[in-house]
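You will see subunit A twice below: alongside subunit B first, and alongside subunit C after that.
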Partner chain A sequence: MWNSFKKNRFVKILASFDVTVICLLFLMVLTFWGTLYQIDYGLYAAQQKMFRTWFFTFLGFIPFPGAKLVLWVAFINLVLAGLFKHTYHWRKIGLLFIHYGLLILIVSAGFTYHFAQESSLTLAEGEAANVSDDYHEWEIALWRQTAKGDTVTRDGEAVSLRSAKPGETISFPTFSASFAVDQKYPNCKAMVGPPKTGFLANSFNINELISQDDASDPAENNPGVILEFSGKSAVNLIGKMIVYGGAPTATPIEVDGKPAFIAVRRVKHPLPITLQLIAFRKTEYPGTDKARSFESDVALGHGGVFKKANISMNKPYREAGFTFYQASFAQSGQGQTSTFAIVKNYGRMLPYICCLMVGGGLILHFVMRLFQFARRKKLGENHAA
Partner chain B sequence: MLLDLQRSITVRLPAAAILLLGFAFAFPAPALPDPAPASAARPQVDLGEFARLSIQNEGRVKPLDTYARSLLLQFSSRSSYEDLSALEWLADLLFTPDQVEDRKVFRINDYQTVKALGLDLPEARRYSYRELAKGITKLQKLSHDVAQLEEKQRSPVDQELLRLNFNLGVYQSLAVCLRFSRKVETFAVQNGRLAAILGIKDDKQPHSYLEMLTAEGSLKQNSTVAGIDRVALQIDSAEAAGIAREAQRLSKELFFWRKFSQDDAMAIIPPFTSDQETYWTPWQILSGLGSSPPPDELRHIADAAEAYRAGNSVEFSLALKSFDKTVSDRKTGKLGSKHGDLEVLYNRVQPFKTAKALYLTAFLLVLASLIGTGRLGYWAYRGALGLALLAALPHTWGIATRMTIMSRPPITNLFETFITVSWVCCMLGLATEWFQRNRLGLIIATFSATALLFISDKYAAEGDTLSMLVAVLDTNFWLSTHVVAISLGYSGCCAAGVAGHVYLIQRMLGADRATLTSTFKAVYGILAFGLVFSFIGTVLGGIWADQSWGRFWGWDPKENGALLIVLWCSVLFHARMGGRIKELGMAVGSVIGITVVMFAWFGINLLGVGLHSYGFSQGVFFWFILFIVIESLFLIISLYEFPKKQRQTI
Partner chain C sequence: MTNKSTPIDALKRVVFPAGLSVPILLGALALFVAGCDSKDGPRVIHETEIKPRMGGGGMPMDATHGFAAGQGGDQPMMPSMGAPTGSPMGQDMGAPMGQSMGSPQGESPEVEFDAPEGWVFVPGSGMRLATFKIKDAEGEKEATVVALPSTPDAYGVNVRRWLGQLGMDLPGPRLESFIAKREAFSTVQKISGALFDFTQLQDVPDKGKGFMLAAMIDAGGRTLFVKLTGGIPFLRKNKQKFLALSKSIRVKAGEAPDGAASGGEAPGGDIQAGANATEAPAGSASGSPMGTGMGQAPTMQANDPAFSQVPNGVSRLTWQTPTGWKSLGAKGMRTGSFAVTYAGKTADGSIVQLPGSAGGVESNVRRWMEQVGLTQLDDKAMRAFLESQQRIRTKDGFDGTLINLAAVLNGNLTQENSILAVLIQGRNETIFVKLTGPRSVLLRNVDALAKLSSSLAVAN
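What follows is the complex of A and B.
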């Protein structure tokens, strides 16, 4: 069976150099095209259209393979070549390292693509948090909060904004509250003014949402919804309610006779630690506004016990599969905020392994060939003499 | 042993043509003598000490010599003005600003800019300050409007307006920065009594701002009749009123000079306390003095200025030495540039210029060795080899010196990629020569080094090439691994491309099988070197991105560029393994590889929006397209003209 599999015409083709070359050429075209595409449409659009798809069309109808498909074919090609084509001899050890390293690289790319979680956290000096914000995913959250000294505890639940469709109902069982979704805007801007009839006041005096096209970087989108109380509930409101993702504060409402808050916000991801920003520093080269460094002094809390650390450009902090990077900052009259990018990726060591394998393999193979060449040349010369 | 290339007439003719062209290029016709050189009637002062003076500019403490060069480049795209060095030009501007207003140093890339300023000037490449001065008010207004626009929306003329406005601002700043040292009529004390009170001997003679400043307290005291001690002076009220009037006038002048002498360019006075890093300009100190006396540094600068105007070389150097001593006596640390003298030497030697000339001559000699037979050819080859090795000396020294000055790995900006890649190409070529001894390696070494050093000149025109790094790049570890690896990759692909050209030319000229195969081996080996380091560099780049941004790969243009090189080399090697291409295909592929490298190297930068310096980028874009067109034509010709019969054998 093994032999018949090996001799199968289709398998032979899939394992051939031709497929390798075609995959590499397609990947080249995609890379080049994707680079040019970014000029007009931005990085995210290029990623979505060309690199994260099986297929896409151009000029309206002509299909073209996406990087996902090309990489899968390349992966199969590599595996089959590893099974049938490679000669397992010490002279070929460099080549084997290279190709198995590449295999790991493709696997790690897939792993990262499917399982890594990217989020961000913006803190003002002195502020602390144990959850981070997703870049693209939003949710409708309902919560109660109790303050005890400086610590504010929020108890609530959230519904993904994706699952909220106009005309349908979303419910929050712990509050035994449900809302009908009247309108949903994936990206919108808010107008401020006196509430329209039939609408409830909200904390930011927003009286209208105006739909907008998606931003070129979807992380800059500000979604919003218009909700209406539905069915039996203890929610004490009559009328529609505008909840806007770009509003700086949540809208207070009353549930079960007790105050609560509702907001459209980025999906919150729990962190393994509490991160507190002690101070943010930005330094410039003297006499210029060219940035020399950005760094944040932070305190990292594990169940109430804090230790100090420093996070700066090129020097992230890592813990329990999470990595915290200095990503951005803002300075204003009220003080400074620092933004951290947080990535949770258990496969983050894979590219390092692959780099070692392929890099080592390439050098090994190159040097071995070089010696081979030199020896042959010498033999040839002796022979000629 | 020399593995001789075919010495047929078909080899010699094109080689001779290139040779002639090359000599014409290497020794350009002498320029027509200028009727009145700029050096006439200017103070002849030794500027040795002046060159070493430290200035803080663009975040770095550097010798004035470097500053002068980069400034003149920034203004006029040239590193000298007529027969003056940049340093001499700067000295004239600082010490005798009103005598140099007619010097045409402002390069304007687009004549529309001149028109936009409403100036009635003929079309020219460069204009003088006096010509442009009438348009400054309008220029400031227009630049203000342009600055409100987003970078993407600015037209080339808009960019040019901003650039000109900035340059004129710096020029004006430099023209006033030593004004405090000039003796002017304004500060001649017209009242003899007041002069006596102030302790100024030469009344009615011009004085400098600095001299008058020491008397400012006394001036204030005497600027009201009530403040004048009439009893001690034994004067009547009318005389006292005269004194007060003159004192008032002088006080007012001091005030206005202080208020309107804006200078933020000439930061040459190191900080006074060790916890500070920012250097001071003379007027920043003068306007912040309050009632304290001016520091000695300013007095020394004033003395130097006075000596310069008088053409007194000895006093000039002495005053600058005193300045240096005063500064180092303060012991506030972080003083001066650490390798100031080395940097001045580096500027003087211009190692890359020397290397370029030597490489070019060596390249021409290699060509000569292809034409010459017998002893002539032998000595031409020997000479070329010697010159190539000799050229590598200043080249290596230049790179090493830059690394020493900045305490950095060799590559931190685009300019440095060119000088480093050309160096690596040279080494790869020399290594090939060592293996093959048939001139191929020498051609690779000398041609690629010459060409890349010529390109580097374009990038050097941006100003000071020893620049500070923005925060994200500020890591010696990644600069010395990722950046170096990528550059080695570029070098391999470029050198292989040159060898590919040689292969195709040899094939066109009907070279024999053995010659072609030996050239092919070089293409193959060097391309493999390129692939190895391109791949390692790309993956290291991914790891750096993972370290600083949290993702290994993001399809960012610069990442994509590097990936394209890796993919293209892999395509070639796999296509050859699969039997789809042979020697010829590899050679053609390596030639195309150069274009892929160029795209990744600086083509990517041209794609970006908001190009900083319009004239420059436009030029690069033009050359890039021209390069692609020429390469395409070369490939078409080299593949088409060959007789079909022989093509099948390869």
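What follows is the complex of A and C.
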């Protein structure tokens, strides 16, 4: 059976080195094209159009394979080539390193694509948090909070906004609370004014949501929902309530007779540490206000104990599969804020391993070929003599 | 090795058993793709954020430390301990002062005092022994009496903290000058005290949080703080009453420290090199200078006053002074003293021996955290912190823990001075090897402190 599978024509084509080369060429074109595309349309749009898709069209009708398809084909090709084409002999060790280095590189790309989590955290000097904000995903959150000094602790539940559908009921079992989603706006702007008839007050006196087209970068969307309370659960309210993702504060409500808060907010990701911004510093190019470098002194809290660290543009802090990058900043009369891009990617070391494997394989292969060449040349000379 | 080798072929047969090759491959791929978008019940939230007040420039001391600025500003969160109105306070309020170092944090001394006329006494709780309500044109004010563990650089640490509460900032020389201008007084028990009159600082830019009168009275291992906050006219009007209250404080009979005038006194104006009176049990007296130069190993003499006056007796120690440390000999209750300099800054080193367990590691760590302005850790965090600390073993095989507070920033992101300390549980005694001063000096000398501690040995 193994041999029949090996001799299958389709398998032979898929396992051929020609397919490998074609895939690498497509990837090269896509990378170059995507780099140019993102200049005008942004990184997110480029990723969506060319990389996170099976196919896309250019000039309106010409199909072109997306990186998703190319990478899958390359993966299958490399697996089959590894099984059926390669000769496992020590003389081929360099090629095997290159082959499996490429294979692991593709696996790591898939791992990162599916499992990496990207988020951000913006802190003013002195502020701290142990959660970060997702760039694109939002949630409807219900929580109680306790304040001790300046430390606010929130405990509750959240439901993904993506899974909340108009007309359906969402539940928060911890609170024995449930209510219906009347309307959902993926991106909207909010109008402020007195509540309309049948509407409950919200934290920012928003009385209308107006739907808008999605922003080119979904990170700029501000979603909102209209919730409908029936008074039948632990939330003892009857009426509709506008909850807007762009509102600066959460709306206080009573759940089971006790104060709680509800909000549409970016999905919060728990961090392995509490990050506190001690101070932010920016240096500029002389005579300009263009940032040459910026860095943050931070306190990193592990299990309640805070220790000092520094995060700057090219020196991220890494811990427990998370990488904290200095991403941006803001300065105003109120003070400075520093924004950290936080990437959770347990496979982040894989590309480095792949590069080492491929580089090492190339060196090994060429050195071995060199020796082989020298030996043959010597044999040839001896033979001639 | 041949082309049709062998382990690989065997692996192929395991991975692709006959007839299952294609379904397994495709199935694995399908699972990989399908498994990536699983969703999504309610997600549990547990989040913590710290949002300091604007303009604070870091975590405000009063809130994150369990202090409430202006009223009860020195009161950590402790179990309630009431005191009867107008009468000698408390019946079960703490350990004898002579053992103050060994008493766990949270125990307070028993004190008596005379309430000034017109000041309404309110029983205190926890470390706050009393509150006095004072009605004035400015509104109702409060004076507080609080007991806290003594600190080695008590004046510097506390004056800085109070300045922070008042929103003031003093440059170093001015701070030293202010501390030097403290008004010394004696209580009715002849215990020395110091009064800090912050109304002297009316030229210093403040944040409208008023001014303060603060008195510190050393009571062995504890310091009693009397504090009154308000505007300058109010404080000036009430200063004599405040002083009268401070002078009237009496540590309950039998608990007043012998020779109390010496305990807890920091060298005037020197906020970095305070005498290590914290660990000094009552009855301390100056010993003759001990020790010699760098790198030498001084040995306590059996007839040395510092040795002979330690209650219950402790062992004679020898140690190896780390290179670069200047040995200053024995001082007061210190078995050894050191000056440790780095980059123009100097830290104060000390070796102090106390009989018994001296309160244990945790209570001492909590006290030191308080001294350097760190937020107290909860029990779980404290356990984790203590477990993470370096262990050392002396030449005689006694185990110790090196507590590195210089690496910790809880609640004091900008802390300049800190404490490195090794607690060694010896035979019937606790040995404290401490380094107090600028963090930069301390962080450079962690290994040196560990080596010194490891070199400790009981002299034969």
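Rule of thumb we're sticking to: the second predicted complex is superposed on the first by the 314 of 385 C-alpha atoms of A that agree within 3 Å, B and C clash if a C-alpha of one lies under 4 Å from a C-alpha of the other, contacts with A are read in each partner's own complex, and residues count from 1 in each chain.
Operating definition for what follows: a contact is a pair of C-beta atoms (placed from the backbone, for glycine too) under 8 Å apart; a residue touches a chain by one contact, two chains touch by 3 or more.
The shown structure was predicted, so the numbers you read here are calculated from the model rather than taken from an experiment.
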Original post:
So, does A:48 touch the first partner subunit B, the second partner subunit C, both, or neither?
Top reply: neither
Original post:
Is A:16 contacted by the first partner subunit B, the second partner subunit C, both or neither?
Top reply: first
Original post:
Taking the superposition as given, does A:88 touch the first partner, subunit B, the second, subunit C, both, or neither?
Top reply: second
Original post:
So, A:274: does it touch subunit B (first), subunit C (second), both, or neither?
Top reply: second
**OP:** In the overlay, answer first, second, both or neither for which of subunit B and subunit C A:374 touches.
**Re:** first
Original post:
In the superposed arrangement, which partner chain does A:36 touch: subunit B (first), subunit C (second), both, or neither?
Top reply: first
**OP:** Check the residue A:157 against both partner chains and state whether it touches subunit B (first), subunit C (second), both, or neither.
**Re:** second
Original post:
Once bound in the complex, which stretches of subunit A touch subunit B?
Top reply: 16-18, 20-21, 24-25, 27-28, 31-32, 34-36, 38-39, 43, 46-47, 51, 105, 108-109, 112, 116, 118, 284-288, 290-294, 313-314, 316, 323, 325, 327, 341-343, 348, 351-352, 354-355, 358-359, 362-363, 366, 369-370, 373-374, 377
Subject >> Of all residues in subunit B, those that touch subunit A in their complex >> reply: 56-60, 267, 277-279, 435, 468, 470-472, 474-475, 478, 521, 525, 528-529, 531-532, 535-536, 539-540, 542-544, 546-557, 560-561, 563-564, 567-568, 570-571, 574-575, 577-580, 604, 607, 609
Subject >> Residues of subunit A defined as touching subunit C within the complex >> reply: 1-2, 5, 72, 76, 79, 83, 87-90, 110, 114-115, 125-131, 139, 141, 143, 149-160, 162-163, 171-174, 267-268, 270, 274, 276, 278, 299, 301-308, 334-335
Subject >> Of subunit C, residues touching subunit A in the complex >> reply: 1, 3, 5, 8, 12-13, 16, 18-19, 21-22, 25, 29, 32, 36, 39-54, 56-60, 62-64, 66, 377-378, 380-382, 384-385, 388, 407-411, 413-414
